[in-house]
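Shared chain: chain A. Partners: chain B in the first complex, chain C in the second.
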Partner chain A sequence: MPKNNKKIYLLLAGGTVLIDKQGHFYSVQKKEDIALWLAQMPELNILADMETVLLAGEDDVLQFSHWENMARIIKVKAGQADGFVIVAPVEQLAQTGAILGFLLQNFSKTIILTGASISGTDYNQKKALIKELRDKHSGSGLKSNLINAIQVASQTLPGPAIMFGTRLIPAVKAIPANSNDRANMFVSQDNNYWGRVDFGISIKSGLQTSKPRENIYDKISAKILTLQDVRGVDWNLDKNDLLKYEAIIVKLAGNYQLEKEKQLLLEKSGRSVILYHRELSVGSGSLVCLADCTWETAVAKTLWAVANRKKLPAFEKVMKQNIAGEFNNT
Partner chain B sequence: MNTQNIWLLIAAAVNLLMCLIILSRGVKNSKINLYFSLVAFFTFLWTCVLIIPNLGVSYELIRFSEALSCPTGLLIIVCLYMFILNFPYKSFDISKRTKIFLASSVLWTIVFYLFFYQFSVPNIEIAPDHVIASFEWYSYTLFTLNFLILVFMSIVLLVKKYRTTDGIYKSQLKFILAAVIIGALVSSYANLLLVYAYDVRYTHLGPLSTLLINFVVFYFIFSPKEKTNA
Partner chain C sequence: MKIFFYNTKDCVLEARNAEKYLRNLGATVWNQSVTVNGDAKADNVLGQVEAVIVLGKKLDAQAGYMIALGLSQNKPVLYLLPEGSELDPAIKNLGPDKNVSGRLTISHFLVTDLEQKLADFLEKLDTSGLAEYFNIKYTLRVSRKLSDYLNWKAEHSQTKKADWIRDFIKELMEADAEYQKYLKNKFKVKK
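And now, the complex of A and B:
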């Protein structure tokens, strides 16, 4: 009897560490590891008809080319898939989700990102953490995260989302949780969630699921300088240092006006500049200020806007627009 | 109204409420919600069917409702089995043999006890404070065996799931397992086996024991530990 299962594409880009009851580790470094890795989770094949694509190994750090490749594969496979699940390192999960949110706007298929609570195969460096995960959570958490992600991937959501622990979070709003709970490592910046795991997976009612036209982009710029500003501390940069970048994004340490010398340096650089703080309300000269979104989203938006400058309205206008639901309480 | 009826009414009301709560969460994309709402609904129906004999209405109606307690009870356990299969996610495919067994269990019980209730419950004895039904011995024994096999299958499936699950679902399954075992033991004894002894004093215990799993599910849904705007 043929299965009436949904077709889900599983894109592996790190974050694949599994720990079984006997303490054995499984992860995907190369294509040949996939079969053994999947054999540890036979439930996945019952939940959906899975097709696996390897984008990066467990020890790889995701680069711009990986994200562009991810978007390209998703765009190509969209016609055959009911949904996509991306497994990525926990340290880069929010960034990956934010980037996909801008590259694949109003995408017709659901994209869910998830991963294990630890990433990388340097297990000797993480013995205490691994022991804690085994004792408290019976593993790295990847299996239950993946199962939840696959179940959600076939349902319609407004945009990419992160499924981690008991929370389903819009990808453009996810930030690392400031707690020791390794099961729930992400929260939503404005406490807006699309679902939670309580009695099964409960998706929030009233989510906007009818979408305007898709806007698909396949480029993000690699030439962005990110600066972390501390008041009173000089950057030790001059104008020539900034010329090799297309844009500069400065993360302020608080809601304050940038020092005059720094403002002048940025304005004279001739580059697109973004000043970011989550609660920024004071302007700094003619520089574009960004607030009410996550840092990862601010970076992703800048990368996308700079790379696609020719197709978009003025940079300053685009950065202020709510493109992918990234601003708080949207 | 006697004490037994009061307890039965409480159990019926709680199960109906839970059925409506779970239905309101949506059943289209959730087999968990679908099967649990059916469990709650059939438990409500079963409890109503247990109340009717205590109301002392017509002889035939009492006989019919006594007979109806069997298929409704079986539907509860079949839906419970399907719920366990899908909670928290479907990790096994059931064999064709099991599907046939489930379907045939439901079919024969409904046909026999609904359409041949006069044969299945040949006699009832109406006393001032209780009603005792005489079930046809062979068919009732077959029903008892059928029911107990389904209870056993459900618990085995639940234990299997508990052992293979990790993370957040493991603790949920622990509570569900405890609630199902207690509910199954109490209902099987009070509502199934005591019938052989013509003892109807504890009929209310079965529906009351089902409240345990309702409370567990209620806790999962409404527990305040996760403050999320979802």
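And now, the complex of A and C:
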């Protein structure tokens, strides 16, 4: 039996756009759409018995409650599943994977994230892109991505992973690819891949598969202020606005340190502050500096660490600690 | 013609014969033992093949995966199984599905007619819409004289140069009796 009685849970949260040969579109907005959508991909039934769960419609933007709900469902269904495949919008795939990496640490079942190369049902706005996908890739790429994701979902991996195109990438390391290749829209920040698709899926040898104790968390915090700093452009922090937030995460780019005045503003804010730069160690004083990880992972880690502050060691220590294999070359 | 060939462990001898037959026809056969080196090549390897052939008595996980992946990429897929073998229910249910019909061929074979079954499939491929699809790119160097003629012809006949060349080759091919005779026997099994 090709299925080997595998049971895979398919969690749908956007990223479900399919384009058939005639140019018809199918996506899942509501529960009633699922049967017709699945009927376009009968080949999935060769691989596993699937149960679908709808978490968000195609046009929804994923929010904190979606991610918490996702983790909760995975936790509840783990006993009946051989693996989980999450279909999510391509724009939010890395963020979703990184959040799950912190909420479900050392989780016993494999979690694979994938999706179509486009998301949303505003097809008229994307005519050129849709034409390119049809001409060059014979569709949105979702079918192949799903087949690869289902195939790998019952194998043991160290953590959540993104299966997209021909690459299996640790979710905490995935960043958008800087190319026009619509089939492979993600790369691994430190060139660390867990697998590749050629004639079959080759999983990297030597991956750590015996996991330490599971650490499951239910909450992420929505009370995070994210700022993107641009040198020379001033910004201020309003005292009343600050009351809404528990932490501030500032994204820096380019070869520079944060200006002194801005650093002082952040220090006086009374909030936990994270300075993120992908390559440089920036800032000083009471500010936590994060480098050597993806922006999505830095945000995910902050959301998780702030929400679970009471259960964790000191915030600064946790942020510096390698929790989900998020730092480069780990 | 590039073909991906996969066999399960219970049909090794038959697979060897099938691969030999395909190679004798001039097909490039990639199988599971092929190691693909280099990123550029590894990306979308299946995209480069024209058909997927799976041979096996009992489908294993990899065989099921290859059939599913081939179908998902709109490749013609042939699943060959020895006469008398029971068809996996997952594949059986796929057969009548309108979304895969025409792309999936399921065929039982005897040792004596395995090559014929392959020939039938290849013949079908050769006459399918895929064979008529203009997906092979040529870089054609011509003299200035030929180029001038092509430019004049295109303007004179209100046709694109590429279309005119394609139509011209098609006419030549259809009128070539010797080539038509070759086509009739292209996949014939030599006794």
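Keep in mind that, in the parts below, the second predicted complex is superposed on the first by the 319 of 330 C-alpha atoms of A that agree within 3 Å, B and C clash if a C-alpha of one lies under 4 Å from a C-alpha of the other, contacts with A are read in each partner's own complex, and residues count from 1 in each chain.
Note that a residue touches a chain if its C-beta (ideal position, glycine included) is under 8 Å from a C-beta of that chain, and two chains touch if they have at least 3 such contacts.
Since the model is a prediction, treat every value here as computed from it, not as a measurement.
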Quiz item: Looking at the overlay on chain A, is there a clash between chain B and chain C, or do the two fit?
Solution: clash
Quiz item: Looking at the overlay, what does A:His66 touch: chain B (first), chain C (second), both, or neither?
Solution: neither
Quiz item: Is A:Gln40 in contact with chain B, with chain C, with both, or with neither (first, second, both, neither)?
Solution: second
Practice problem: Return first, second, both or neither, reflecting whether A:Gly195 touches chain B, chain C, both chains, or no partner chain. | Solution: first
Quiz item: First (chain B), second (chain C), both or neither: which does A:Ile147 touch?
Solution: both
Quiz item: Touching A:Lys109, do we find chain B (first), chain C (second), both, or neither?
Solution: neither
Exercise. Identify the partner contact of A:Arg182: answer first if only chain B is touched, second if only chain C is, both if each is, neither if none is.
Key: neither
Practice problem: Kindly classify A:Lys173 by the partners it touches after superposition: chain B alone (first), chain C alone (second), both, or neither? | Solution: neither
Self-check item: Partner chain in contact with A:Arg278 - chain B first, chain C second, else both or neither
Solution: neither
Quiz item: Taking the options 61-69, 79-87 or 133-141, which segment of chain B carries the C-alpha atoms that clash with chain C in the overlay?
Solution: 79-87
Quiz item: Where on chain A do chain B and chain C both make contact?
Solution: 42-43, 46-47, 138, 143-144, 147-148, 151, 165-166, 183, 196-201
Quiz item: How about chain B: which of its residues touch chain A in the complex?
Solution: 22, 25-26, 29-30, 32-33, 36, 87-93, 165-170, 217, 220-221, 223, 226-230
Quiz item: What part of chain C is in contact with chain A in the complex they form?
Solution: 4, 6, 30-32, 34, 36, 42-46, 58-69, 71-74, 88, 90-91, 93-94, 97, 99-100
Quiz item: If you look only at chain A, which of its residues touch chain B in the complex?
Solution: 42-43, 46-47, 137-139, 141, 143-145, 147-148, 151, 155, 165-168, 183, 188, 191-205
Practice problem: Provide the residue numbers of chain A that touch chain C in the complex, in ascending order. | Solution: 1-4, 20-21, 39-47, 138, 143-144, 146-148, 151, 165-166, 181, 183-184, 196-201
